[in-house]
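Below are structures written as structure tokens.
Shared between the two complexes below is chain A, which pairs with chain B and chain C, respectively.
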Partner chain A sequence: MNRGKQLIWQNYQKEIADDHFFYVRSCIRQNFFPGAEATFLRILKDVLQKDVYDDPDHTTCTGIGYHTDIVPLETTMTVVARQFALMTEKGYSHFIPSCVTSFGMYLEILESWHNHPEVLEQVRKYLKEATGRSFELPANIVHASDIIYKFRSEIAQKAKYRLINRYTGQPLRVVEHIGCHYAKMFPHKSVGGAEFPRVLAGIIEEWGGEVIDYPERRHCCGFGFRQYFIKANRGYTFSSVKKKLDSMQPYSPDLIVTNCPGCNVFLDKGQYVISEQEGIVYDENGYGIPVLSSEELAGLVLGFDPWDIGLQVHQVSVEPLLDKMGVEYEPEKKYLGKENIPLGRPLQPTVLKTI
Partner chain B sequence: MPRIAVIGGGIAGMEAAIRLSNLNFEVDIIEKSFSLGGNVNNWHVLFPDHSPARLLIDQLKNQLRDKVNILLGTEVVRTEYNNQQYILHLSDGTRLTFDAIVITTGFKVFPAQRKEEYGYSIYPNVITSAQLEELFQSEKPIHTADHRMANRIAFIHCVGSRDDKIGNRYCSKVCCVTAVKQAMEVAQRNPGSEIFLFYMDLRMYDRHFEDLYFQAQTQYGIRFVRGRLSEVSEKSDARLYLKLEDTLLGKPLRLTVDLLVLMVGMEPADNSPQLANLFSIPVGTDRFIQPENFHLYKNRTSRPGVFVAGCASGPKSIGETLADARSAAFEVYNFFNNN
Partner chain C sequence: MGYLFDRLKNDLHYREGMQACINCGTCTAICPAAEYYDYDPRAIVETVQRGDEAELESLIKSDTIWYCGECMSCRTRCPRNNTPGLIIMALRALSQDTGYFAESEKGRQQIYLKRTIGHNILKTGYCVYAEDIGTDTHPEQGPVWDWRQQHWKEVMERLGANYQKPGPGAMRRIPDDAINELHKIFEITGGLKQFEKIEEYSEKKARSLGLQWDETLDNEYLQQTYNGTRQNS
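Moving on, here comes the complex of A and B:
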């Protein structure tokens, strides 16, 4: 392993709680890849035997509204305070956001309250007046990918599959993509820092894969809130996706792993957009590069059914990856829902091949 | 005859010791490493005249010979002050008494790995200016870590200097002209190579520096770009992919190079703040030792009988360091004669 990276990683370690988690969901992940969150909860509860609370009363953190200047900061802080109040009421103090944007929001707000206690007092007052609730600050706040990182060895011990290409016996070549708000704002609240984050690299290596360090590794997925949500700016989003994919293509990656719901969307569905606009596909067989979240990948190595994980709702077909890993799956069940009710099949792209 | 301890055996300490000895003081050099010469030992040739660094050290050593007691591999671990004398407890267990102290602990080069985004210690073709000097010692063309001829080389100025983010707001003074000197040396060894220097400002402040800058452009075709490096990545062929900003045009630019040289600045030597603490003398916000007065008494400290010279009190060129050491010796002389 690169000694320079090891030295950097030593500077960016953090405490990750061991048990008793209060989980808050991601707006984007729930809507685009809902199986990822179900998989995360299943891993924590059923595989690792951890206590995790998924509160049906919790809401958005308002992150998207905040970053697009729609929701005022005071409102955002009060909504965040309500999330903490729910955590406090349920008897928890270890807070896990599913979303990297939310994770950054929570850290930013906690840092603001730390430096401006008068603002915290004001927010306590707002929340009390609006809802009658009060709250404690979390004792430990980490991102969902931090939890997967912490338990990567336990997952590896229970794993059914490894990130090894069964046809060649070689490690799968994996691109790790870290959401900007995971470490770029508060490097010391991450595993590994902002420049060479360890959180996904550690997972990939533990499970047998090889991490690709490519030139545009640090580049944003292009979501950037004001880029994608303002329709006229969407060209920036897809030019960013293209820049990254162009840069990683020479390394022939088998897989992209992200820890951010937005990045998952844009690196996955962006491959469809680029294929339609430019006629470019980023793997030699025309299927594109599969994009998984850390939770989805954990579920896969643990032997969960890929369709229970929700991999059928990805734009880029995951079957080439499943075949390389030797994952057993039933192709005909890909688009069957619960009780085998057909979900319907998506329309076929013009250029990007799908299975 | 008063006995003087010179703490630090780099060129400042050697020069101060020589001058003090010439003034008939009894002098001991206490040097933590096992050789004299300090950082200059690591340099190949010096600006502005391209004279060998080794020659300078040898000349100083010759002048020191038989005049000064030299304690190598020795550090000061504790001090006492008694009856206007300093008792130094040394790392070898001995205890020596002195009438005055000259601190010449110098500097250390900025640890470039602190600029994480520049990839030093991660990508083998990212090297520091100090490492390039080591490569110069071989008198061969400059190759990359993967044994290719370095055909395209970028130098980045102000690495660890003038950088609020890493806590060093000061200018290290010598890096600009060192970059020009080193770029010319690379151009001589690797004819036809493309060389880019990315600078914040070019501080060619001393005699002949502008001449070097002019010669670098006209004779060697070295390209100077006012710009800052954002981040470094490695391509699949081990070349480096730089993201920079041309700060004159206000535009981002990308550049692929074979070798990247980081012009590392100066930081106080590791033992400098500890010594300041042992002698109860202040250091500045930049952590260099604070002189009593920047104009009149730049070699005195707030403590009578404790003097400072060379880069221990801030970045200096070799010429300035030697002049400062002579000045410190004269201050010591005045201290005893006026007392």
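Moving on, here comes the complex of A and C:
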């Protein structure tokens, strides 16, 4: 990269703290992919030897209530203030949300408080009155995927597997899908901005994969909050998923990587919906395209057991990806519970093949 | 300008989202909702910018303001730093405050969201609490989700969750003290009042439409908001 480009690129970087993190969980990720959060903490603590605090007292940020417009702004701001108060009380100032909706909402609220200090003062009063707590603003607020990005080289050095197709020796072809609220609202708070987001592309390339560019790369997954939660509106969600999948299919992706828990649900389950409704499957062998989050992919390249990461809870089977990467795994353990208790197995969809 | 506009202009989302619109239509070009619905954020911002009270009233009584998915893709692209998505949030707040949300089919869906997501927040401390949310109401979740529902606790424990237990971890039982603090915050900041308003206006509408109404999700009115009227006709 020439010097001029390097200088411009500096404007698209963000500060990501090195250690001592306060972690707040995602409602969707906890329900749908609890193993992804466990994997993230295992990487931070055991692999990278970082200090991270997982507070039992934090709650939802109300984000989905806020974006379905049932929870007023002042209420959401005060709940957010309570999360910051917990961080302050525990002696932390580096704040990591697991959820992209939360991440965007925290940034939005911090910006509103910056622009309207009188609102911040009012929220301080509300919080004091409701809980007796007070708070400092975080010194650094980063999404979980920013942390994976920051430590991508360290992870690569300790990795057991690379994103290389062992049958062909070629890089795996990877689609990166970044949640809208990661960079579209506050580009300067993301890695690479909204135009050239690098947060997922950077980790994919570092770990040996090839990033696919395709026309609808920046299209929303279609969650749309009320658009999915209300059955009558769900055509919005799955039309968006189809638009994206139709657009990426000609590039034959081996894998989709996400940073937002909601996007992960819809790009995964959406392939089942489209297969049932339209008879379409998006890979040549009929299994669909596996969808992993940045935490799950990091755990996988580090050699964690895929069934400890929780890859069995995705609708699209991950085994074709594991086989391409040469990951060692025990197929018969996929649907076992704790202490190897058998839990039966899911039914087969009509069209989409599963393993 | 009139009563509704005065209230709209005091909304922080409006103040953050509305600068000066040049009506270029870039927001509509990028908008996922405009691809799916008969929806045009450019026209909404134009209506709001014009300041016609009657038009504003008709807008917040309509389905139109409920089509947006709040992805905020418009914010990135607007060449004049407007955010139509934030203006939508202000219009929705006004529609709920005045009770006009109950005048449109999409607006009437608020009661279902309040009784699911809203109740989850105050009861469990999570926005989404998906145990027992099966493929009967969410068929697109598919067979792996069915399997998870059958073995919810076992899969949670297998994947390292601290399911319904005290202490840190995924799906932990959020302590009563924390839930009580949430309640208090909702009480002081207007969250509970907003929930009550959604209930009150929805009940009034259910009665005027002659639809069965009770405190569950299963009554005629809520089922119609959830499934849409086309399916029931």
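As a working rule, the second predicted complex is superposed on the first by the 345 of 355 C-alpha atoms of A that agree within 3 Å, B and C clash if a C-alpha of one lies under 4 Å from a C-alpha of the other, contacts with A are read in each partner's own complex, and residues count from 1 in each chain.
Convention: a contact is a pair of C-beta atoms (placed from the backbone, for glycine too) under 8 Å apart; a residue touches a chain by one contact, two chains touch by 3 or more.
On a predicted model such as this, the values are computed, not experimentally measured, just so you know.
Annotation for chain A, partner touching more residues between chain B and chain C: C. Once the two complexes are laid over each other on the shared chain, residue contacts for A:Asp213 go to chain B alone; chain C is not touched.
In the superposed model, A:Lys338 lies in contact with chain C only, and not with chain B. By the touch criterion defined above, A:Arg3 lies against chain B but remains apart from chain C after alignment on the C-alpha atoms of chain A. In the superposed model, A:Ala232 lies in contact with chain C only, and not with chain B.
In the superposed model, A:Pro250 makes contact with chain B only, not with chain C.
Under the contact criterion defined above, the residues of chain A that touch both chain B in one complex and chain C in the other are 194, 218. Those residues of chain C whose C-beta lies close enough to touch chain A in the complex are 12-13, 15-16, 32-33, 35-37, 66, 68-73, 75-76, 83, 89, 92-93, 96, 106, 109-110, 112-114, 116-118, 120-121, 125-131, 137-138, 140-148, 150-151, 154-161, 166-172, 174-175, 177-179, 181-182, 184-191, 194-195, 198, 225-228, 230-231.
On chain A, the positions that touch chain C within their shared complex are 25, 27-32, 34-35, 37-38, 54-60, 62-65, 67-75, 77-79, 82, 104, 111-112, 115-116, 119, 126-127, 129-131, 180-181, 183-185, 187, 194, 218-220, 222-227, 229-236, 238-240, 243, 269-270, 272-273, 307-308, 310, 312-315, 335-338, 341, 343-349, 354. Residues 113, 116-117, 119-122, 231, 233-236, 241 of chain B are the ones touching chain A in the complex. Within the complex, the chain A residues that touch chain B are 2-5, 7-8, 193-196, 213-218, 250-251.
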